[in-house]
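First subunit A sits with subunit B, and in the next complex the same chain sits with subunit C.
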Partner chain A sequence: MSASTAAPTRLRRPTLAAALRRGWSPTNAITALILIALIIADLSIQPALANLFQIGLLIETALPLILLSVAQTFVVLVGGIDLSVGGMFVVANAITAQWVGLHGGAHQWLVLVAVGFGLAMGALNGLLVVGLRFQPFIATLGTWTIFNGIALTILPTDGGSPPPFLSNLLINEVAGIPTSIVILVAIFVAWRALRATRFGVRIYAVGADEERARLNGTPVRRVKLAVYMLAGLCAALAGIYAAGANASGTPTGGDPYILTSVAAVVIGGASLRGGEGGVGMTMMAAMALTLINDIVGAENLNTWVSVAAASALLLAMVIVRTGINAAIARRRASGRPTTGVGGAIPARAGGSVSERGES
Partner chain B sequence: MSGAGDWIRERQSTLLAYALTAALFIVGVIHSSGFAAGSSIRQMLVFASFVGFAALGQTLVILAGGLDLSVPWLMGFGGVELSRLSASGVPAGVAIVIVIAIGVGIGLLNGIGVTWLRVPPIVMTLAMGGLIQAYLLGVGELQSSGDTVPKVAVDIASNRAGPIPVIAIVWFAVAVAAGLVIARTAFGRRIHSVGDNEVVARLSGIRVDRVRLATYAISGAASTFGGIVLAGYVGTTYLEIGAPYLFTSIAAVVIGGASILGGRGTYWGTVAGALTLTVLSALLPLFQLSTADLDIVYGVVILVGVWLSSSGHSALASLWARSRNPDGAISPRGDPDGSR
Partner chain C sequence: MSDVPALLIDGMYKRFGAVRVLEGVDLGANRGEVHAVVGENGAGKSTLMRIVAGVIGADAGHVSLDDAPVNLHGPRRAAAAGIRMVFQELSTIPQMTVAENLLYGRERTLLGVVRGRDRRRAAAELLARFDLERIDPAARVAELGLGDRQLLEVVKALREPPTVLILDEATSALSRTDSAWVLEQGRRAARDGAVVLLITHRLREVREYADRVTVLRAGRDVLTGTPTELDDDALIAAMLGRRVERLYAARTDPRSDEALRVSELASVGLPGPVELSAREGEILGIGGLQGQGQRELLMALAGAMPWTAGRATLRGRPYRPSSPVQALAEQVAYVPEDRQREGLFLGQSVRHNITAAALRRFTRWGVLDRRAENRGSREGAETVGVDTARLAARVSTMSGGNQQKVVLAKAILDRPLLLLLHDCTRGVDVGTKADIFRLMAELAASGTTILFYSSDLSELVHMCHRVAVLVEGRVAGVIDGRELSEDAILRLAVGHQAHDTGAAAAGRPAAGVGGGGVSSSDGERVKR
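Our next item is the complex of A and B:
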């Protein structure tokens, strides 16, 4: 029964062209162009960047933000927001630097404890939102400081000693390719795989219209709970990665990531109302933000330039997108006069609500 | 607009927030008699007033259905810009007026972004906070030596009228005024109805954009003023001086019983929220709790406070209803693997 009711989409060969076509939208194109422009700018400033090792280093600095932005994307997709990603990040970071690193990293399996903590913290957020009906903003505002406190309890000051095996694993190469690049690709592949599952479809369905999803038999509450847990998992992985890559832990380093992760999600084209956006675009946006920092650093410009550039980019993207969406809506309204209830949904041929702007 | 039931509900959550403050205070007094000493209470009032000013604009903005994440940077701006202006020879009084006027301007920009450009409040005020931060970073790099805070600001923050700190009296006056404006004036009713239901407000002839614009402008003024006083109290200014107030300004509003979605709340509730947070942070060191424990308790109190004041009754009611009807309203048609 379940197999026949779900996944009504026909099986298509997942060609690159098809993937590009489905991900295409004017705003996604702008994000992609900005990233490409930044890459070109960075390369022209520092031509030495054009080798695999240097690119690996750049992605290494970007990965914590990328993973936290991915976590934020999932929550935003279902119409929520997670202010506690920074807190979950530092808890996993502190566990890795303190507990896993104990006795020279003799107990490597303790990394799994950090992962488990991530899932548990995400579950706490999810239960507050789904079970006690907290506004996501409030629930995660509260858990944000709780998690920060837990991290400080585990690791009172910067430092600790993450296990060497982790550092080696994360900094070395896999078949000549820096690990960071492999991880980046793996995140994207995992996202595409998840997106193709019924759970992936349901995330978009819940975000696009919760009531309709409920009426269609989607277990909305369970999907949301799972999404918050997934966000906790991603944030924990970011914390573990940062501890390994820096060979040190920080119990207070999470806060700057909170609003930056929201910025990356929004620059990536997601709507804070939910149902729009995707991990791929968020990853591009997070990479763009990292490149801005890199360019500012390479040019020896003052720090304020990168803060200003990131903020201006955020504002410009949102304003441009609002304008484009308004223009599209106007054209649609004039081209297609009232078509009843169905006209309310801007459906593309062969597409469904859940496929909008996804990538 | 709001019936008698709503009126009672609003008072209920405000009263509940004051009860929470009182309970925490009593715990403090029982534990250490010095907690109720004049100096201790004075310091708590001063600290609470900083939260109160940061949360004044936040209350109005949230009431009208928005959110202001630029508050901490506006506060930082207040102190830094005042010191910069007075160091370059502007009389302190004039400088304060100029700084607050710029704060109003920044608030108006927030409002314009949210209303005319239709940028979501979180994004608009986040970006504005970033731009202010960039400005402050730029100023900080231009002049490496820290300017001193002018004496006027120091006086406002540390002088006393009899036994009571001047700043607490100012805060009380502002709270009375804000309470009256929110509850008794047409502007206050408009803020409520805009936050309650924008479409209905528009249809009933309220200029929604103007109301929203005004709330952000007030937030700009109140936050920069709070920053000025905070800098006066601390004696110096630095970039991150306002950072804790992002969290506390929002927490004070929601502990005070306001709905984060807008339409419901009072400034007196926020005052109670500010007092609760301040008494709590004064209380915990008495129990030899570390910063880490403080963070955890802070978060738990916020969650419990919000739950009690806003959704406590309804959540209990729904729990009760569910226990009577274990199947729930929705038939379990979905598949279990959706939660994987």
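Our next item is the complex of A and C:
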């Protein structure tokens, strides 16, 4: 108690440099470098891309994948996996293209139905995993096909007519900046805000170690349920966005996104075991995967090139990370030979213990 | 009314599967009191504390605080009632920063958002309150040493003044200075009006810090008193109780040839240096409190853990396995602690499990010779006393005792020169235990050297020729046949002197073969 009135403890000023230092890790650096390299490559192939409008278009094509990858990130952060993101995507997409579209501009709020469906589908996944203790892989493998079926029931073939207001909203500009860029920034800001809430901290705690999180008083099951719902929400937003941006719905277009979203999460440096990674890095990775497609398209190469390149990127990332982790572990082991049971620490009087240097 | 203790534990029962861990424990502790709870490994101390902290549920019994029943459904509820536990197996989350951990769930927020800077400052202030300024609030907990992590655990528990503070072997991994600091924090919390429960193996800590002490044995509270009226002998006698058992097979004397010599061994989690020697046909016990490096020692010898230093000879030949395969090739067999996870292929048949480690013997040009495998597994099953009619059954359908026999059959199928047994009698019935002991005696008689770790002291006393007691990853002393007793082991393990002079073991010669008597790390003899 008395400490709070004591002289404020000195802390480093929060600077951009400090923030970068905190976010720095070898894997993050590599993901960033990959993205930068791909941007440079794409620009040198198509110099005309270097204007805001073109960038906006590129991000427009990237956004569904980005949103689905964000959804996947949340689930992966708590140690799960969500194969149904594609299914939730198409359901929201079909609802937007069919039900909302049928009413034209009259009932714009019907878009919220698609959002609600997203939350409900996420909640279903969450209940299967948390309540019935299904393995996430199995639970979402099952719901994925169910969701695909629901989408086809709502919208049997490609097409439909998403409400024009949505298309207008999504393809236009906000104060001279393409909406897609604004949305991209908004996603990131929303993520940073969420990360800074108690819920954000809890996501990481649960992902790192459920039992420890519980010992710290975390309502583990509620957190996981909320995470699956959040994933459903993001997937639904992706579906709504795709319907609006394409002015058309596609009830079968979700499947290719599923494994790509997992790939983006892994390339972004998240651990499939949970507790490690973040939406920012996933967004970069999803962007990188989109750029590969763009380059392949511009060069008129076969589509398999793009698939192969994405896979190569994924494998390279995993190999590099394994190597880095091994190196870190080795350095730690050699730095402190007497860890473990008898690892007595220096006496407090001795003062500083600052020989470990990882980051 | 006024005589009712502040914390009252009443008729606590708990069982895990078939194992009864608590069988009606009553315990009362007052505010302002440091109440020590002591007992052998497996006496139920930690289980009891975890129930009080809401980590696990009890089967029966209740806890009341200041005369009102406490809802212990989950750690959240317990914490809300002011019950804080410093966990033996740390509860901080390594991937998160010190600040995130310390203020977890208590962050000050603005519109739901935590400012990282505020949090770091609050953490720094909290650390300063405990004179721990040297810990950087922005550091990840994974980067801290084990000792600092344990101190953080204490700081976290004392963030707000607790009503009940539980220190569950919080000092077992700490240096003496840090132990003293932790215990001092406990005493201070008691002075501020908390009930403090101190779980420890070190009787010295009971003497120095506790106002009262309760002894648990086999899930019951058997003795309560003040440290002044109970001396160490009384406590130890209460911890062990009297037991008469006739399940131990007769031992034969070991041969004179040295079979295994280990010098300066160190491994991950085993700071060492470990010095050991054992003769052919000898059963060498590995004793000590839990987590003093016994597991690591056996795993290192089994090739399952990398050696960071040291050398060994096995029957005169240099021995340094870098994998379990190499160890097997040198005829060293290991029976792991967790039979279901490390010892068996649960979904496969008894037959396949028995022959799994010796497949080479049953294959010709890479093809499994079924008939040879049948014969081999039948012999193995007969040796350990597993019903041969069940060779085709899945291991997962068998009882724990029979599963353990299958693991043993696998381990001894190739007549190992060195057999490493890690607590292979835990959780098996008495009959199976007797079978296992008979088998051990037979193997030893045929010349196999056995290293036997058991959490049950009486097993060590009855089955071993000698017992090496490990304290903090070193051999604190070796107790020879004539002097071998549960008392002697416990004294050495609890460390009247051993852990105070950690450096003493470094220059020790190999565990004395002859000599007799108990030699502790500083050479002092322990009287019986």
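Please note the rule applied: the second predicted complex is superposed on the first by the 321 of 359 C-alpha atoms of A that agree within 3 Å, B and C clash if a C-alpha of one lies under 4 Å from a C-alpha of the other, contacts with A are read in each partner's own complex, and residues count from 1 in each chain.
The rule is simple: a contact is a pair of C-beta atoms (placed from the backbone, for glycine too) under 8 Å apart; a residue touches a chain by one contact, two chains touch by 3 or more.
Only a predicted model underlies this, so the values are computations on that prediction, with no experimental measurement involved.
Trainee: Tell me the contact category for A:297 with respect to subunit B and subunit C: first, second, both or neither.
Mentor: Neither: A:297 stays clear of subunit B and subunit C.
Trainee: Thinking of the overlay built on chain A, is A:219 touched by subunit B (first), by subunit C (second), by both, or by neither?
Mentor: both
Trainee: Between subunit B (first) and subunit C (second), which, if any, makes contact with A:276: first, second, both or neither?
Mentor: In the superposition, A:276 contacts subunit C only.
Trainee: Is A:128 contacted by the first partner subunit B, the second partner subunit C, both or neither?
Mentor: After superposing on A, A:128 lies in contact with subunit B but is clear of subunit C.
Trainee: Quick check for you: in the superposed arrangement, does A:256 touch first (subunit B), second (subunit C), both or neither?
Mentor: A:256 contacts neither subunit B nor subunit C.
Trainee: After superposition on the shared chain, which partner residues are touched by A:198: those of subunit B (first), subunit C (second), both, or neither?
Mentor: Both: A:198 reaches subunit B and subunit C.
Trainee: Would you sort A:159 into first (subunit B), second (subunit C), both or neither based on which partner it touches?
Mentor: Once the two structures are laid over each other on A, A:159 reaches no partner at all.
Trainee: Which residues of subunit A are in contact with subunit B in one complex and with subunit C in the other?
Mentor: The overlap between the subunit B and subunit C interfaces on subunit A comprises residues 2, 6, 198, 214, 217-219.
Trainee: Using the touch definition up top, name the residues of subunit C that touch subunit A in the complex.
Mentor: So the residues of subunit C in touch with subunit A come to 55, 74-76, 79, 87, 90-96, 100-101, 104-105, 107, 109, 112-117, 120-121, 124-126, 128-129, 131-132, 134, 138, 143, 145-148, 173-175, 177-178, 181, 266, 268-271, 291-293, 296, 308, 472-474, 502.
Trainee: Going by the contact rule set out above, which residues of subunit B touch subunit A in the complex?
Mentor: Per the stated touch rule, the residues are 67, 69, 113, 117-120, 122-124, 126-131, 133-138, 141, 247, 250-251, 254, 260-261, 290-300, 302-303, 306-307, 311, 314-315, 318, 330, 333-335, 337-340.
Trainee: Of all residues in subunit A, which touch subunit C in the complex?
Mentor: 2-4, 6, 8-9, 11, 14, 22, 193, 196-198, 201, 204-205, 208-209, 212-219, 275-276, 333, 336-349, 351-354, 356, 358
Trainee: Which positions of subunit A touch subunit B when the two form their complex?
Mentor: Touching subunit B: residues 2, 6, 81, 128, 132-135, 137-139, 141-153, 156, 198-199, 202, 214, 217-219, 222-223, 225-226, 259, 262-263, 266, 272, 302-305, 307-308, 310-312, 314-315, 318-319, 322 of subunit A.
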